[in-house]
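Chains here go by letter, A, B, C and D, matching the order in which they are written, and residues are numbered from 1 within each.
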Amino acid sequence: MADANYTSTEIMTIEAARRLKNGTVCFVGIGMPSAAANLARLTHAPEVVLIYESGTIGAKPRVLPLSIGDGELAEYADTVVSVPEIFRYWLQGGRVDVGFLGAAQVDRFGNINTTVVGNDYAKPKVRLPGAGGAPEIASNAKETWIIIKQSKRTFVPKLDFLTSVGHLDGGDSRARSGARGAGPTAVITDLGVLAPDPVSRELTLVAIHPGITVEQAVASTGWDLKVAATLARTAPPTASELETLRDLHARTAKAHGTLAME
Amino acid sequence: MTSKIMPLAEAVGRFVKDGHTIAMEGFTHLIPFAAGHEVIRQARRELTLVRMTPDIIYDQLIGMGCAKSLVFSWGGNPGVGSIHRFRDAIENGWPRPLAIQEHSHADMAGRYQAGASGLPFSVLRGYVGSDLPKHNPNIRSITCPFTGERLAATPAINPDVTVIHAQKADREGNVLIIGIVGVQKEAVLAAKAAIVTVEEIVDRLEAPMNSCVLPHWVLAAVCEVPYGAHPSYAHGYYGRDNAFCKAWDPISRDRDTFLAWMKEHVLGTKDHAGFLKSAGITPIGRDAIHG
Amino acid sequence: MTSKIMPLAEAVGRFVKDGHTIAMEGFTHLIPFAAGHEVIRQARRELTLVRMTPDIIYDQLIGMGCAKSLVFSWGGNPGVGSIHRFRDAIENGWPRPLAIQEHSHADMAGRYQAGASGLPFSVLRGYVGSDLPKHNPNIRSITCPFTGERLAATPAINPDVTVIHAQKADREGNVLIIGIVGVQKEAVLAAKAAIVTVEEIVDRLEAPMNSCVLPHWVLAAVCEVPYGAHPSYAHGYYGRDNAFCKAWDPISRDRDTFLAWMKEHVLGTKDHAGFLKSAGITPIGRDAIHG
Amino acid sequence: MADANYTSTEIMTIEAARRLKNGTVCFVGIGMPSAAANLARLTHAPEVVLIYESGTIGAKPRVLPLSIGDGELAEYADTVVSVPEIFRYWLQGGRVDVGFLGAAQVDRFGNINTTVVGNDYAKPKVRLPGAGGAPEIASNAKETWIIIKQSKRTFVPKLDFLTSVGHLDGGDSRARSGARGAGPTAVITDLGVLAPDPVSRELTLVAIHPGITVEQAVASTGWDLKVAATLARTAPPTASELETLRDLHARTAKAHGTLAME
């Protein structure tokens, strides 16, 4: 980290948040996607619509939820529907603009593994939590964003398991697969931002965060990382962005540290 | 009509049998922990456990050897990390091998819907490009008779017993669920028998007109078990015990520590009130929280 | 964001086009009569009208020649008898032939669900032994890939425009429906565009947590039209005008009487307030009823 | 009508009501089925569960609904669900004991026509309302009851259109068709009660109302009506049954005659 004023997680969260437009309908994964989406809501995008797979539509949590189904999400939602309904009518029904996902591993085409580490599914080295909502978020949202810390462990040349589809084998293979939507249009990491090449669909480094070098990004990628001809430099966090994010985390820690209704 | 209202131990004893397919549902909210503990106390074996989000209660059931297989879509301790007994069973076969049948959330929800709807299968736009169908023979495909599109098809889930927790029931046994309702209605209506534990039994349900109500005649048993969802939460009653969820991580990492804890607090107590006392749990009361 | 709140005439003008497939839903409750009248006023033609229960408003649309075809499952004037313009169109082709595509309620509901769910078809245990599939090529069959059972399959409904009436909206255009919610949520979510008329626009929706809410971002237009469901009812606002429903029977039996009535009260007025005044209708106000 | 103390509609309604057991889950059609089901609820079966296709479960209307979706049904129901849900989870889900239907025509196997009169579907003599919920009620309820006034016009040798399945072609043809449930187990008319022969499944007159003769029933049937060897005689209405039914109708007329919320 070149700048002691903020952490790599903070710039990753802030850069992801900036990309969410006001009014966008975002299907939000728990953890970093949720932090970024709520930061967007608390800053430039007060009318972003946050949907969590627990059935909360238009959620406006005051603190970050620890689980995908915290009472906080229901309490301040526009409405709360059943889990079957959220997947059928809202996600599969084509109502979601951005599916915002985390991942354990991604490959060069933005395919996601959240199932197992090790190439024997029946006898995995590490058993991960599994698919959750991701396979259908990845194939039914109009586009997907992935937020993940970048390293050779997470950016792998070949997934141990393809849980949720990205650009599949690249080129037009996703479109031919029957998946809907544009697939991963952005992968936001602690080092920078990747976007698919318009033709090959291979993830390409298009921006790096302040103080990060291209060499760092390349060294943290398990394949031969392509770098855009003109590389953008992420703007550093503004004082207001940082303050809002830190306030949110402070409120969250306070709420979740006790037994009170989170 | 005979009352459906009975003690939890009686309900589990009457309806949950060795070899059954059991679904305990509750989507981070209203997880039927007390009922899960009672299944462990009564030492049910060879269960096929179904649950979208196996978390601590399924970790306990698996670690105590109740389950021969697990049908699920996401297994973890929300906000904390892995569930270690689940991982140990899959990775190392301890205390016994655990067969798994793995789906996505959208699919599990649809499978319960099909079960509740009296249909043999569910259709979804799912699993495109995913490796999951390679490892699960229950994920098949079906062709639309109008457009020719291929879609995923999976079999209905119809558990022998579904167990859920809810906020309240009236004296007839009609149940009201408020807040995040998850897949509970579908899981109950898909089941051959349903057990519902509730925070309290009241004279009048006072259910809003279009709320989630389960009439007594679709239920096998209704059991009053205050704090029955702890360490998950009951909207309007108490919040989630995040400290407990975090404390579970080290307890469950080690087989012996896990077994000792379960023996002391679950097997060593006769009911949920006893468990709460033994484990030193004082849930936040309803007066302390909004809801 | 541009506001979705606009006058009904503007909403119909902008979104309902000749040749469209239009669904107006409301299951005896909250039937969008005012919107139907506006479609008649704006003289839309060649419509494919979809509705589970075509009753007086569809009788009027059909009798005024707006529709080339009708997709439905039950046509009548509830509690009164036939709808005569519908019968005249089918039996005698007046004022123009009306193609019909006939289903059952369970199937229509499932077709809307498939439409809302982004699926191309719906599956049901239906039509066993019935002659309906012989006369409707859209009722086909599908085989369960697990059990081999044959079930009925029908195509999703995705209307160009769905029109419904609801109790209230807030100033953002979020809509709340209370009471008998019918198939309205599904019909709205299945549509390419949705118009909702409401009894009133309020500052705060005050929706119970698990009630039927349609967020503004799934709607094309929200229009404040008090008594917009008359002669059907709006739970909590006014009761059904049974006298009007009975009076409709003789008005609609005769072509000329029907046309004269429509010209005077619908074509001859510029909006719903004008219609109510012209037709001498004074709905029972909200103070006079419970609910 | 042999007895001037009650009408043929009253004895039909009362006899149908008597058959509904306390606690039975009944999917109720509008009109005569609704009158009978509510009479049962107000007399011997206070815990009968009435479901209307409008989504009202456990409806307890104070007056008879004029339509299947009157506010009265919602106001005093245990819960109100959507129309898709009532058909999917509750009817097709196998939760209904008795499907209670009206009809325009029935045939000797209890099949129902509510679609057209005249044998050209495209150019009907009379266009009836159509199927409504009946095809799936008839094929998914554990049993069905039909309530209909008996005449050569309604009891026909051959239906102009088979809308909703009864015992199909008799014998085991219903079971082979894939229909679930026992099909029509009772047809209650203004003259008596018919039930299917255990083997042939042909509707057989098993009871006649007070003052009605077998000859009247035979003469009011469009086929050669079979009569049970031992024919039951319906008990006349009790004073309490009649009073309850008439009070219900009086309350209903009063409510529906005005513009008040019915």
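Please note the rule applied: contacts are C-beta pairs under 8 Å (C-beta built on N, C-alpha and C of every residue); 3 or more make two chains touch, one makes a residue touch a chain.
Just so we're clear, the structure is a prediction, and the values are computed from it rather than from any experiment.
Asker: Which chains, if any, touch chain B and chain C both?
Answerer: Chains that touch both chain B and chain C, as defined above, are A, D.
Asker: Using the touch rule from the top, work out which pair, A-C or C-D, shares more C-beta pairs.
Answerer: Output for the comparison: C-D.
Asker: What is the distance in Å between the mean C-alpha positions of chain B and chain D?
Answerer: 40
Asker: Can you give the whole-Å distance between the Cα centres of chain A and chain B?
Answerer: 28
Asker: Note the residues in chain A that touch 2 or more other chains, in rising order.
Answerer: 74, 80-81, 88, 92, 140, in rising order.
Asker: Specify, in ascending order, the residues of chain C that touch 2 or more different other chains.
Answerer: 113, 118-119, 124-125, 149, 179, 181, 185-186, 209-212
Asker: Quick one: which chain pairs are touching?
Answerer: Between chains, contact exists in these pairs: A-B, A-C, B-C, B-D, C-D.
Asker: Residue numbers of chain A touching chain B in their complex, please.
Answerer: Counting only chain A, the residues touching chain B are 30, 53-56, 66-71, 73-75, 80-84, 87-88, 91-92, 111, 115, 121-127, 129-136, 139-140, 161-165, 168, 174, 177-180, 256-257, 259-262.
Asker: Which of the residues in chain B end up touching chain D in this complex?
Answerer: Listed in rising order, the residues are 1, 113, 116-119, 174, 185-186, 189, 207, 209-213, 215, 217-218.
Asker: Can you list the chain B residues touching chain C in their complex?
Answerer: 118-121, 123-125, 138, 140-142, 144-147, 149, 151, 153, 155, 178-179, 181, 208-212
Asker: List the residues on chain A that touch chain C in their complex, please.
Answerer: Residue list for chain A touching chain C: 22-23, 25, 47, 49, 57-58, 74, 77-81, 88-89, 92-95, 140.
Asker: Touching residues of chain C toward chain D in the complex: what are they?
Answerer: It is residues 27-29, 52-53, 72-76, 78-79, 82, 86-87, 90-91, 102-107, 109-110, 112-113, 124-132, 135, 149-150, 179-183, 185-186, 212, 233, 235, 238-243, 283-284, 288-291 of chain C that touch chain D.
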